[in-house]
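So, here's a batch of structures to check.
Each of the next two complexes has chain A plus one more chain, namely chain B in the first and chain C in the second.
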Partner chain A sequence: MSDESKKQLNRREFFSFVTVGWVAFTSAVAGLASLAFRYSYPNVTFDPEMDFIAGFPADYEEGVDERWKNGFGVWMVKQEGKLVALSNICTHLGCVPNWLPAELKFKCPCHGSGYYMNGINFEGPAPRPLERYKIALTPEGKIKVDKTKIYRYEKGQWDHPDSYLSV
Partner chain B sequence: MKEFINYMADPIRSFPIMTILYILMMKYYRIIGTKKFAIGAVVASLPVVAWFCMDANFRAIILWPDNIPINIIIILIAWLTWYSLYRCAQNDARIEKGECPIEATPENREKVWTWPNLVYTELMCMIGATVFLVVWAIIFKAPLEEPANPTWAPNPAKAPWYFLGLQEMLVYFDPWMAGVVLPGIIVVGLMAIPYIDTNPKGNGYFTIKERPLAMWMFMYGWLVLWIYLIIVGTFLRGPNWTFYGPFEYWDFHKVVSEYNVNLSEFLWIKWLNMPMPGNIVLREILGIILTVAYIVVIPLWSAKTKWGKKIIENTGQIRYYIFIFLLLGMTSLPIKMVLRWLFSLKYIIALPEWELNL
Partner chain C sequence: MAKKGVADYIRETQVWKSIFRHGPPTDARNRAAVVAGNVFLHLHPIKLKRSGVQLGYTWCMGGLTFFIFLALTVTGLLLMFYYRPTAEYAYNDIIALKEHVPLGIMREIHRWGAHAMVITVWLHMFRVFMTGSYKPPREFNWGVGVVLLILTLLLSFTGYLLPWDQLAIWAIAVGSNMAKATPFLGHGGPGAALAQIGDFVMVSDKNDVRFQLLGGRFVGEPALLRFYILHCVFIPLVVGVLIAVHFWRVRKDGGISAPL
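And then the complex of A and B:
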């Protein structure tokens, strides 16, 4: 070997450089990617709780009660001796309908679906009625709404005793 | 007069009107595609636009910051549509005389490089668009709104303007259909055009006469089923997605009652006077039969007609069936709109138990 080529890298050195470089590069990319992944999760979540205590049955008057709508996404509807917890998610594409007290209906701002007070759909594209959540009494006589359990009218689940409270 | 325009703008009436206007436009494109017509139309429309703009409610809609780009787009689309009709009319007249289209004349056959000619123009357009967006955001004070809240929706809740056609479509369809299936068919169908359409006529030059079917079909889907629906969704839909005429005040308490009925309810309750059967497939049987007829029988039958035979001869079986399927997908929208307006029909097949509603 001439002096000249000694100054350049030999094969072994070349590979060790490449290895170090490659490992550094990969770990940098992996680190960045994991940071980016972490970034896609929020630091704090404001998701509504899945179940909550909704006071006493006597707190509710006949009709639609909106007090839990903003916090939990639930309307309490008392009608014909039954108190139900109605979901506020439109069954069409999941917008949030508004309760229009003057017209006695829920009306969705997205594509105009309309529901009667009891949650049955009657206008617009919504294919099925609003869903009911499980509603039950705690031992102290308070109402507990459990949003993990839903009751769908078209499946005949509204007769289920957990889907309403007799008041 | 304003009352009358409000009344006519309701999609029930304006959709057929647009369709008729579209047919007239395509039929008489040689008259429309002249410079005289264009100048006449602009001159005639200026006072009309001015008169429209005198109305406070109309001004409120078109000057709503979100709607500014749509105003621009309407003008651009009117111009581009006219321009292509103009070029088509020119070429078709030449072709009839036995000459070649303008694009094929020797002086137009010269070619230029993509780089720099095209790429450079694109870069300039990009910069121009960015400048426009920034200026627009500053002038109209683009808001930074509050964090998303899952239990509250603005009213009216509108999609970005380019999706308003889809949102308008959703009024007539189940979210699966109008939100996933139909947009998917649109995108895939547009990508498939080069593979389905093997006719070399019209490649690289404007013509309507040599490609009547392709032009009529595409332009209908584009102008009436897409642009028109965007316009309706933007300007004519107010709170609760209720229809509001162009001169109408957006009154949150406007009451419209439409009671929509599924085909199965028509069949069992209205026509047969029977309770709905418990078996859900039996309940929806009429709708299922109609749907199957629509997507199976029509293609098979049309392949037997003279029209279908000609296309099959030119393109082949598979291409023909794909084409017919795409065409049927497109026409399902006007069909459902008309059925909704005439009979308040909600779904032809309504199987919410299976999340299947057509």
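And then the complex of A and C:
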């Protein structure tokens, strides 16, 4: 280092540069770290479809219909003049209960939660009833089930007109 | 002067001297040099109290845990040669590991080792607690050990999904729904309802910790890949670093504690 440049950069200025440099470096690393965090949330996922056409209301008989259980995770339950789309996800910890026709109940194999045919829980650790999905008629008279809209019994949402179909 | 044996001639070769830069460990200085001059052993305390390494005092649980960790690393590496973490292949590869490969017990060794490591980690923690080895100056190392315990459990949890059978999928469904119930970070947890302004939901099933863990809203193929990478690369790397810190701090905090 020449004598001239020594005069140009004194001790105080040197530390100013070092401080600016470290602040820039640290913020760059922090920015990259937050980008890496955002990287773990993909913009596109390949989850199953959230809505589907479930045929005509006349296709269903009184009781529990399991035809959409494997594809979409929905039981169609027709009872007392109402057709509802019941979620098949246990409200305890998210397993899939089985419909036991002989005992007229949904029974979860993971921890033993039990639900009546209408989805109300009555045994085991489940804290609340099964959820209903939005159910509506298309202009052609077909049933459309929309799983992005959820209706919860304990919130009094089962009276909502979109939560059942009068048949 | 004693007669020279074959061992003495070997010790005088340049090959030997280039590898071991100290004399035979017959005196205190060379015994210390054996430990301090070896990249693997230098994490180990140079001197130990005889009473401190009694089996009745340590139960050798820390050492057993480390041995099982090494065994799991080796068996896990061997399993990776045959296992593909995709929905199409994962389950069949697990079957093939038993049916199509010599030493079909490899996966079972890995699984039993995982169970054994959880047991020895707990017993090690129990021993350290009962001998008061968490007290100053060793309190930081207790903290490192607690993190290692949690990482051990996470290794077991992430490995549980990889067979991709019903048990695995529903176990992870249950486990990730616990993540859903995390306060403020999970969309089903307390606080998620507070972080809602009108119709705008800040913590939803698309941006909470469960989504990050599973790479989606369901236990599907992205979750399998994520758990595979966490299980085989990410967590073992962190565990390896923390094990080094753990051993180093045993040395720096005064070696193994000894009975009073």
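Everything that follows uses one rule, which is that the second predicted complex is superposed on the first by the 99 of 167 C-alpha atoms of A that agree within 3 Å, B and C clash if a C-alpha of one lies under 4 Å from a C-alpha of the other, contacts with A are read in each partner's own complex, and residues count from 1 in each chain.
Here is the rule we go by: a contact is a pair of C-beta atoms (placed from the backbone, for glycine too) under 8 Å apart; a residue touches a chain by one contact, two chains touch by 3 or more.
Here the structure is a predicted model, which is why all the values come from computation and not from measurement.
Asker: Look at the residues of chain A and decide whether chain B or chain C touches more of them.
Answerer: On the superposition, B touches more of the residues of chain A.
Asker: Classify the contacts of A:S40 with the two partner chains as first (chain B alone), second (chain C alone), both, or neither.
Answerer: Once the two structures are laid over each other on A, A:S40 reaches chain C alone.
Asker: Applying the touch criterion given at the start, work out whether A:C95 contacts chain B, chain C, both or neither, answering first, second, both or neither.
Answerer: Touch status of A:C95: both partners.
Asker: Examine A:C110 and indicate which partner it touches, taking first as chain B and second as chain C; both and neither are also allowed.
Answerer: both
Asker: After lining up the shared chain so the two structures overlap, which partner does A:H160 touch, if you call chain B first and chain C second: first, second, both or neither?
Answerer: Neither partner.
Asker: Can you give me the overlap between the chain B contact set and the chain C contact set on chain A?
Answerer: 47-48, 93, 95, 110
Asker: Given the complex with chain A, which residues does chain C contribute to the contact?
Answerer: Counting only chain C, the residues touching chain A are 170, 173-174, 176-178, 180, 207, 211-212, 215-218, 220-222.
Asker: Would you tell me which residues of chain A are touching chain B in their complex?
Answerer: 47-48, 69-73, 88, 91-93, 95-96, 98, 100, 102-103, 107-112, 122-125, 127-128, 154-155
Asker: Using the touch definition up top, name the residues of chain B that touch chain A in the complex.
Answerer: The contact residues of chain B facing chain A are 149-157, 167, 170-175, 179, 239-242, 253, 255, 257-260, 346-347, 350, 352-353, 357.
Asker: Could you list, by residue number, the parts of chain A that touch chain C in their complex?
Answerer: It is residues 40-42, 45-48, 93-95, 110 of chain A that touch chain C.
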